[in-house]
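In the two complexes below, chain A is the common chain; its partner is chain B in one and chain C in the other.
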Partner chain A sequence: MNFLVVINILFALIFAPLFDGFERKVKARLQNRQGPSIFQTWWDLIKLFKRPPVIPSDSIKRLYILAPYITFTAVLTAYLIVPTLLPQSLNFAGDFILVIYLISLATLIFSLGAFSSGNPYAQLGSNREVSLLMSEELVLAFVVGILALIGRSLSFEILFPLPLKVSSILGLALLFVVIYVSSARIPFDIPEAEPEIIEGPLIEYSGKHLALLEYSIYLKRFLLYSLFLNFILPKETTIRTGGFLLGLIVLSIVYSSLEAYYGRFRLDQAIKLMKKLSAVALVAWLIALMGW
Partner chain B sequence: MADLILLVPAGILIATLLLGLAGKGRTSLYLSNILSAISSLSICYVAFLGFKKSLELKFQIYSSSSIVSSLNWLILRVDSLSAFFLLILGVLGFCASLYGIKYMEHYLNKGNVKAYNFNYPIFLLTMYLVLISWDLLWFIIFWELMSFFSQFLVAFERSNEKAIKAAFKYFYMTKAGAEFLVLTIVAVTLKVTNFNANYSEIARLLPLYLQSNPSTLYFLTFALLIGFGVKAAMIPLHSWLPDAHPEAPSNVSALLSGAMIKLPIYMLFRFFLTFFPKDTSIGLIIAFFGAITLFFSIMYALLQDDSKRLLAFSSIDNIGYILLPFGAGLYLIAIGNEFLGAVALIASLYHTINHAFFKGLLFLTAGSVAYETGSRDLNYLGGLAKQMPLTAFTALIGSLSIAGMPPLNGFVSKWLIYVSTLSTPATSLFGIIALFISAVTLAAFVKYFTTIFTRPPLEEIKAKEVPFLMWSSQMLLALLCILFGVYPFLPLKLTSSALNSVGVQIELAKLTIFPSIVVPKTGSFSPIIIFAFLLIATAILVLLIPTRGKEMSTWSCGSKEKLNARIPSNAYYMDFKEEFSEVYKLGDSSKALMEKALKFGRKLGLRFEVLSYNLDSMLFGAMLLIVLLVILLGGVSL
Partner chain C sequence: MLIEILEKNGSKIIRHDENIIIALVSNKKLKKVAKELFDAGCYYATGVGVDERPKNGAFAMYHILNCEDEKRYVIIKTFAEELKIPSITPVICGANWAEREAMDMIGIEFEGHPEPERLIMPDDWPNGVYPLRKEFHYNQKVPAIEVKPKKRKKDPKIMEVPVGPFHPTLHEPESFELYIEGEKIVGASYRGFHVHRGLEKLAEERLTLNQVPFLAERICGICGFTHNCAYCQAVEDAAKIEVPERAEYIRTILLEVERLHSHLLWFGVACHLLGFDSGFMHTWRIREAFMDIAELLTGNRKTYGMNLVGGVRRDIDENKKKKLLEILDKTKKETKEILDNVAEMKELINRMEGVGVLPKKEAREIGVVGPVARASGIDTDIRRDHPYAAYGELDFKVPVYKEGDVLARFLVRYEETFESFWIVEQALDQMPQGEILNEDYELPEFAYGLGYTEAPRGEDVHFVITEGGNKLYRWRPRAPTYNNLPAVPIMLMGEKLADAPIIIASIDPCFSCTDHVAIIEKGRVCRCSLEEYLRLKR
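And then the complex of A and B:
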């Protein structure tokens, strides 16, 4: 059973960049461009992996160098718990809470690495990153609370799939937004914001280190997609696999169209939005409390 | 008699404080710290024995049949619950004393070393005695002594006016809180136990009495929550802590924050689990105050620009994280969900010991930074990880643990909190708040760590790594943080045995299925697997993808000069703070309200003083007070 988790992880490792390539294509078509081939993200990654990294002289070297590696593995660890292609996972290794904390561990280590690069733009970007993480967590905490009330559990064994209720639909809708916000897309790519702060936390990273960080962003997006789909899909293997692949494509198209449509928010606008959403989440929580 | 071991730490500490009176030079400073460290080790040993079987000593001090007859016997007793807290005191006392050997040298010319030599051991001694006394009247005596002597440690830098003020505030507030405890104890001994304040006797008589007198139960709960709430710095009774903790020398701050504010938690466990019948609404009230405490304190921690003040606010935050599952546990047990309730109580105790470790560690690192640079100003500090790599490493471990990052110890206790609260409707909202605040805690400690250690300094700061004795005690605490995170089965065993001694039975076999901690049907998590995977995967990655690279100057948008800019500490999370300005407005307005109340109280006091010049009106006033007291004591159940 457990070795199937390896297949899940390999699937994610191979397909996460491919889905990014696919999204680039979708965005290009929406903007009347031809767009690169869907393998382009992979070619970019491979090229970066071949390049030697440069280390800035003002940086705190050990932390700066280790951060991309730990960020990458923190996201990868979450794949032990969230199933992707096959429904198998190491349920005893963790639950919903652990997945959330692993994702914030990745964000935290990423921004610590950027903070230690010594570049002021990286500091600005990381500061935004952590601010955004806090406001995301406000809604995410409610989502976890709602889902935990529906299933009376935090274990994915019980939570996958959710029963059809008003509260579970509302909870998933909120999760849908949170996933969008935390996957560093326009209009919420405020920490990176190329035109203002020149890729923010990524500014000093180059070569192999940059490749690792970009790769972990793709993996994180893919992880969140899988998490979302798992809440919906039934457990029977054959329907699930087809549904999963279809769901991934649909999510990719929806998310990338949203991305093509918007301009970037300012940080305070994003935080305000999350605050408003948390009021919605409170209502949804009350509905879940009623048991509807 | 093996139980005489209880006297060993007390004996060493008394010898230490007598020796401390003798000298005021470097040697006496070394001596008092080393002896304190040794006595802390003996406290650890006592705790170790206490987990195996309870130790008891009885002394007849004198025999009288008056109202204080309960003081005739001094009963010292260590059961698993007190052993658990003794362990915290012992470990933290050892690290703080070891650290103090070198750290206090710093104060040789500045402070009154004699005051430290005398008050530091006595502070440890009174904390030890509070934990081992088995009688409420003796408890309150030691408790008051503890508040009394620790204020001198807060006011250690006498030239500093802020320190003196903070010490006064601390003493007055805790003293006022202690009056509520006195009231409780008098009420209990007078009305229920017939002048007997022995814990076992109270545990036998009080629950039955309170079951038939619910109004007394609520009155006592109210008094206890105020009395212990002040000492534990529960919001809204917290305001002494952010002033007092930063002013003390750092090793004392570590003890104040790590050990002293845990003693009220210890007493809350005693009272609410053994002396009181379980009541749903009391549990929810405590959990509610826990949630408020953690929410407001951490929002204020984001505002701080003083390293130790930030840590002090986060101490209040962690008291919230301890009170919340404690209240939730009481509630869950009262509604009959014994297992989940016990898990919540375990979470509370687990977080208590975790907080002692990481907050002790963080206060020590703040102290090390102040020792080298002489500054606690986050706006000024920066880039110290280059000069002080070991301190930076330990501070990183402490920050990650307090932010609850897996696989460190903070995560385990927070996980237990969420698992026990989130799936029950009544406590769900508390769990949600705790989960959100955990992210804000993370942000606060990103600020703490990055402003001091990683962000480049504005001007060159001269510093070097602190002496061995200082960083080794930090390292010890950091290792404990890692150990308790990766291998939580040991602390789970300790906490469950501590809970057994106060009558909460928990089957540990149901909770720990190696290599996971499992709460059946609710959640599971395996620290060992997560740690191993993180470690091995990172190691493989580092081997596969070489880390080496060319070193080049930091990119400065193409210009030759350095950008020489950085975010100041007060600009961290500016937008977030602005969006949540309502929280701060609420906090500030309540502060203004409190100040008004204070002014009114002062006026009233003045009026009373003027009144008391006149003998007749003084007598009348005193009588009125006594009547009030009698009504309170006797009339609650009317």
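And then the complex of A and C:
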């Protein structure tokens, strides 16, 4: 049955950009705009894939070119483990940790590639990207701890879905926030801040490299949505598929509406907030430890 | 008091009335007079270099100062002796740019100027060609000379981040170079005047008296009306033209409508720079109503084309008045709603509070104007201090904040927005009947005129010397950003890079200005090149 994983990956590849288009539309409506068609993200990607990439002369060329491919592959690999439309996936003990690794790897390689471009804006952006990653990592570690404690396992096979407990609700609420932060949305789009550092890490990338990076950002968001939904949805196929699609739409609307109601944080403000959140996560972990 | 200072130093008083004193000061006494005037509470409004060879056989420099205590403008005139005039920049640092501009455009040498480098003209402009001299013609082309760009030394610890000439934060070409250590700004330099269009030359040589208002309106894409209003007032002042009262009221209404749309535009831009795009979209939606008002009253959404010397071109009838009040009533509520929402957003306030502080002392020395000055605790407003148009008969408050940060500038504009609604309502109510244009005047020969308005960004000064007939001898407009911009490097010093866009935007810049480098270290202003800066740091 493992070949069904291919369907999951295809589903993600096709629908991740569509969901971004949908979110753009939601934001536009909230901002009193008409907004582009929901296919716009796809048109943008197709256009970018057709364009020849330009490589800056100051860059460390190999690293610069390799980074988008590694980022993209890392995110795509995670789809083997996290089920999307169909509940099938490749599972083994400790796959939770691997997914976290793959997501962090994507972010780090992305920053490294941007850093090697030699552009000061990209360097500042990667600097911010890594600082933000480090600050959210602590919360994420606690979230993993909470969820693992509840299911007494580090494998998704046993963890999906979580039993209804106080600690699992707290754990999922924290995961909800962490997903928001790591999908680089306002107020946490600090690494890309367009008016400040002009898209930061992405500034020098062009053509298919840019397309790959943007594609992996959409895929990463989509992956995190799926991860969150898997913790809630029951495993039976019939309800699951419908529930999964509905869940994706709800999450999209909630996340993009939240984005429309905030201004951007400064890096230090974001880090301070993440520190406070870590304290909350610690308390939640203790609750989980008590077995509530 | 001012007149005493001038008389004590043996200056010749050319004109002396309620608003303006013009005095001829000898070269030897210039610096002393400037110092005493500055100590008496004057700030440097602008300086004008004039080629007066056909008239007096010499070049002249006019320093225009605004005295807030006496609510009067003082213009000190000096003749260049062998093309040399002592610089007053060491005494009043606000005179820096004006003197360098006269150096570029007229070719007067200012002795003792701390940085006698080009400001307006590009580096490839030939030496010894001065565009504002009378023998140079507006359509003359000059061959470019070759310049080698200076090589710069780099410090591995300091990152140079260019903001501009093209950058999404800035909506016009100008460039800030920021020196960054980590995320902290340790130095900032400004280069501008990329878009100097030679309007002054065009006005003197090519255009007639009543064509210039339309040119003046095109100085700015946002606050054009305030420029042509200031120009018309300057000519009216020179020729002693009586403007019909109804025309004064119509000007006031349009000036305030312009302020409303300009302030809303700024709120939108500020929201966008802070990442709050919803606020940006919604303020600009409301702003549309003011564009409609402008269209209703003048036929144009922007660049109204309403002013002529001696009055305005279109009347406001009862029907328009009724419609205008209706729109105002509706937008007032909407504006209040959205601005209150923005003011209540904690993360936006946190981003603005205590950021980009401009202390009062520095503000005074540079001579900042408008909302920037009012946010640094300087109680100044041309509308109240030097009433023009119908402002003398209207009642309004002038908000002043002491903090000097971005938030204070935000709040000043916030309060001003609602004062503007109130001013328009009053003006519509009190507007007398009568003529709107006085065309019965004659232009005197070589008369001085000064026009001033409070533009949305601050004091806007136009200086005019008439030629007689229907021509001007010299016209010098000075936009408020000219005075506010030198303060930006001070505000940027020591702040985070993330805050740079909002700090630059907080003066509501309207750029139209070349090579100027000002680097600040530990709060001390040092105007030097990067190499010198790096040397100083070591």
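Convention: the second predicted complex is superposed on the first by the 290 of 292 C-alpha atoms of A that agree within 3 Å, B and C clash if a C-alpha of one lies under 4 Å from a C-alpha of the other, contacts with A are read in each partner's own complex, and residues count from 1 in each chain.
Note that a residue touches a chain if its C-beta (ideal position, glycine included) is under 8 Å from a C-beta of that chain, and two chains touch if they have at least 3 such contacts.
Just so we're clear, the structure is a prediction, and the values are computed from it rather than from any experiment.
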Contacts of A:Arg264 with chain B and chain C, given as first, second, both or neither: second
First (chain B), second (chain C), both or neither touched by A:Ile197: second
Partner chain in contact with A:Ile186 - chain B first, chain C second, else both or neither: second
A:Leu108 touches, of chain B and chain C: first, second, both or neither? first
Which superposed partner A:Ile46 touches (first chain B, second chain C, both, neither): neither
First, second, both or neither for A:Leu124, with chain B first and chain C second: both
Which superposed partner A:Ser155 touches (first chain B, second chain C, both, neither): first
Contacts of A:Gln31 with chain B and chain C, given as first, second, both or neither: second
Of chain B and chain C, the chain that contacts the larger number of chain A residues: B
Set of chain A residues, in rising order, touched by both chain B and chain C: 120, 123-124, 127, 198, 267-268
Touching residues on chain C, where the partner in the complex is chain A: 159-162, 167-169, 180, 183, 271-282, 285, 345, 347-348, 350-351, 496-501
List of chain A residues in touch with chain B within their complex: 49, 52-60, 62-63, 65-66, 69-70, 72-74, 76-77, 80, 90-98, 100-102, 104-105, 108, 111-112, 115-120, 123-124, 126-127, 130-131, 133-138, 140-142, 144-145, 148-149, 151-155, 158, 198, 203-204, 206-209, 212, 267-268, 271-272, 275, 285, 289
Complex contact set, residues of chain B against chain A: 383, 385-386, 389, 392, 396, 400, 403-406, 411, 415, 418-419, 422-423, 425, 428-429, 431-433, 435-436, 438-440, 442-443, 446, 449-450, 453-456, 513, 516, 518, 521-526, 529-530, 533-534, 537-538, 541-542, 545-555, 557, 563, 565-567, 571-573, 575-576, 578-580
Chain C-touching residues of chain A, taken from the complex the two chains share: 27, 30-33, 120-121, 123-124, 127, 186-187, 189-190, 193-198, 260-269
